[in-house]
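Some structures to go through are shown next.
Two complexes are shown next, each including subunit A; its partner changes from subunit B in the first to subunit C in the second.
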Partner chain A sequence: MLMEKRLEACILKAIHKRPVEVPVIAVTGGKGGVGKSTVAVNISEALVQMGYRVALVDADVDAPDDHILLNITLKCPLDVAVTLPVINDEKCTKCRKCVDICRRHALFQPRDGSPILIGECNGCEACILVCPADAIERSKRMVGKTYKNGTNNLTLFTGELIPGVEESSFVVNALKARVFDEAKDSDIIIIDTSPGTHCNVINALKGSCEAFAVTEPTPLGIHDLKRILNLLQVLHIKADVILNRSDLPGVRGQLESVIKAYNTKVSVEIPMDDLLVKSYVEGVPVVRMYPEAESSKRISRLSKEIAAKYIK
Partner chain B sequence: MKEIVILSGKGGVGKSTIAASLGTILIEKYKVVLADTDVDAPNLALFFDAVLRESKEISASEKAFIDYEMCTGCQECVDVCKFSSMFSSNNRPIVIPYTCEGCGACTIVCPEGAIEIKKVVNGRVNISDREETLIVSGELDIGESSSGLIVDEVKKTAGTEAERLNADLIITDGPPGIGCPVISSIKGGDYVMAVTEPTPVALNDLKRLVEVVQYFKIPCGIVINKSDLHQKSRIEIEEFSDEHNLILLSEIPYDISVAKSIAKARPVVTAYPDASSSLAIRELADKLIDIINRPD
Partner chain C sequence: MKLCVSSTGKDLDSKVAEHFGRAPYFLIIDTDTMNFSVIENTAQVAGRGAGISAAQMILDKSAAAVITGRIGPHAFSALEVAHVEIYEGASGNHTGREVVEKFKRGEYRESVYPMGGPGRGRSFQD
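Entry: the complex of A and B
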């Protein structure tokens, strides 16, 4: 359901807080597979061609693919871990307080024994805080990794969730922290978010000056575009639309009314382009492999506009 | 009753398109309930022009609420939050609602007892139908969290509806990715149908998905959509399937009829029953029924 939701001013301020001077642009879009990564990688490459230092951030930690589109192997890994409680049998008084406090029901107390972790712990540490005997120690559970690859003027930061683990949000937060710490010298930061409108997308969007919502002119694309534009409106983040595969058979009228309702505009239309598909499967950005392709020209033009607006 | 869960890792490879067509075909012979657990972008019902029959609010999320009359501004709650969901503004702790997990750590350290964990509405489960087709879909409210718990509710409702209708089959159209809504979608499923396309990116995401599915020990088969897109990647997917003992269920050729049917918001098997993709999906439907009815 779309909402007229208002966030408190101080929460909006926290969402817009940017710990670095560098401008931050997000590439997002409610639906999966509409071309977010392709657009983010190519805008980044186009800006590098113009001589800028670009930090590209792959925040789709479930399915990080920007490195494949750039045909590079991820480097400089840092672990992302959450607390794993370990109960010290000798200190435990079997008071059950930890079992009762755990809202995920992850702890179980066998008869005559100390509690054991049986469920899905999210590392909140409530059990450690409530234990009167100081009997719970902190161990670590790995949930993902962040990576950093530097080539020429393009630095790729990637977050990667370990398959089978649910804690995407920890990985996104760790990635953003690393970027804001290590990308201070860049001229611009481009963030490629995951599909959807959930908390990981919001965490990825935090600190953005502007967000480009990529969509395609199909009923499915437009349905999901509405949701992401709604989210951006709630977060007070300036939104623009990138219409990918613009010549797909679709419903232009519906698209136009959504764009009007959210008071935004289509910044660029990227038509279907065999050269783009060719470069996509080769792992080379189309703006580098086929600079004369129609898609390259359109993306380069948009990148110039972004540079003129945001890079001093 | 069996449940087939359709997943992909990568978004936009054709999960919903194939789910809609499979549903349409199987409903001809079986009693089927369709479930849409892509709660961030629930699109399946669009294909059927289905009428919303019932919508129930779900309070599957819990969050911290601060009573500022009692709060002394000591900030202990801010320091203890592991989810970066509290910050201090003018010496007042503020809860960032969309990332708060409702874990209650802040309630333990608050010396004034000023923080309470309360359930909040974070989405809804919708039941819609059109003729014989019944669709249960979940929808996460904008800016909310705990999508996995909404997925649990969708699956629960789909199960109840399937029992009520004495259905043979639930087809679940899942979300992209491999995170918590995907894990919730997999749980309790009998079979995972992983849809992919022959590109290096889709294969990368497929590998990550298969790791998750095999972790939960659920049998899994592969569908290569737009199979003639890139020959080299197609061979790589076939090799990957062999190595991991995954059945290659179907290769659906690229077909402009699919794009045209999406534009009309119709399953391709309805809009273009004789198209090459429709014929491939019909074969896929037979194969799936065969596999899930096999004794274990």
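Entry: the complex of A and C
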């Protein structure tokens, strides 16, 4: 077992708050390269084939690539910016509350002047909140973009971080805000998270009805699966496992004990499939290009189960 | 003058701490009388901005100059803005007392650019 962390009820409530009624399903997995995006894109496509309106959210803002799997060019960009505080010398009373509150220690107060921003601000705005003189104005610093692409009944929302910038979770939040604002008419929202278990994955997972953790039967896959199942447990999000490349000669015993320990199940096994690889190279979801492929059949079956369970 | 030495301990016989922002203590020493006060660096383990915070602490104690091993770019900017003189290159083999003597003999040269790379907080996670 990994670390146990308990969240307070009010935090869990905030995590599960959804501004829209549309069901939200997350595709995650801990490890990189296990097929999260392939699964998310194909579940979305399968649901579209069933006649549903789907919002697919590419929340892997460090390396978004669902648009490549769908062979589309990103459109409708909106900037994502964080606040950069600008201190108005005339209003500043030099009380230093902003300097003291800054968790990044980014502000510095010279002997006789108003505070100046020297360090790395992350835009949290605590300084603005504590300033009694209303002397801090908001400037902006760009950290990324969000995009929206509509094709038939599939709308792809993509977040993209400016490389080298740290605020990936801000971009995920901005992306989700846009989705919840603009995808009200969808029947379902599918969120494709980044690998890992850090804050941008947490922000991507927030509000999910259920999360599918994609993994593969390798020691690395199992190790990272354990971590993401741990996170989902902490967040109180129902977890299921999708076992990709299921016929790899691997470590099934270990996988089964992890699944048992976290009281979850393998919802679907996707075997190695040349047709899936071919469709991947073509930039067409396998469920569209080769509906007869074994991987297509299994993903379609899972998609039907998701629809039956969540779409009214 | 009031001189700040980054220190591994709380007295003049403690060795110098070589990194300004991550120093455990700062000694504020009156170079005429050798009387001194001790500041505990509460930002030593800060994820970010330890240097800026340390600069603020020593400025509040009216230090006119700092002697340390290396100083990060943020702390350097802060002290520069505050017109605090910066002397880098002090060795962790020397005590605070020895460093003050060397300073008085003019053995340290004032830094005009920070010698150190990015602050150590760079390697910390938030």
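The rule is short, and it goes like this: the second predicted complex is superposed on the first by the 261 of 312 C-alpha atoms of A that agree within 3 Å, B and C clash if a C-alpha of one lies under 4 Å from a C-alpha of the other, contacts with A are read in each partner's own complex, and residues count from 1 in each chain.
The definition used in the following text is that contacts are C-beta pairs under 8 Å (C-beta built on N, C-alpha and C of every residue); 3 or more make two chains touch, one makes a residue touch a chain.
A quick note: this is a predicted structure, and the numbers were derived from the prediction, not measured.
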Could you look at A:S37 and tell me whether it touches subunit B, subunit C, both or neither (first, second, both, neither)? first
First, second, both or neither for A:T193, with subunit B first and subunit C second: neither
Subunit B or subunit C, by number of subunit A residues touched: B
Contacts of A:L161 with subunit B and subunit C, given as first, second, both or neither: first
So, does A:T215 touch the first partner subunit B, the second partner subunit C, both, or neither? neither
Considering only the touch criterion stated at the top, classify A:T83 as touching first (subunit B), second (subunit C), both, or neither. first
Please work out whether A:G119 is in contact with subunit B alone, subunit C alone, both, or neither, and reply first, second, both or neither. second
Once the structures are superposed on A, label A:V99 by its partner contacts, choosing first (subunit B), second (subunit C), both or neither. second
Shared contact residues on subunit A, subunit B side and subunit C side combined as an intersection? 103-104, 122
Which residues of subunit B touch subunit A once you look at their complex with the stated criterion? 9-13, 16, 40-41, 43, 46, 62, 80, 82-84, 87, 89-90, 94, 96-99, 101-105, 108-109, 117, 124, 139-145, 147-148, 175-183, 199-201, 204-205, 208-209, 211-212, 215-216, 229-230, 232-233, 259-260, 262-263, 265
Any idea which subunit A residues touch subunit B in the complex? 1-3, 5, 7-8, 10-11, 13-14, 30-34, 37, 60-63, 65, 68-69, 82-83, 101, 103-104, 122-126, 129-130, 161, 163-164, 166, 168-169, 173, 194-200, 202-203, 218-220, 223-224, 227, 230-231, 234-235, 248-251, 277, 280-281, 283
Considering the complex alone, what residue numbers of subunit C touch subunit A? 43, 46-50, 52-53, 55-56, 59, 74, 77-78, 81-83, 126
Can you list the subunit A residues touching subunit C in their complex? 99, 102-111, 113, 116, 118-120, 122
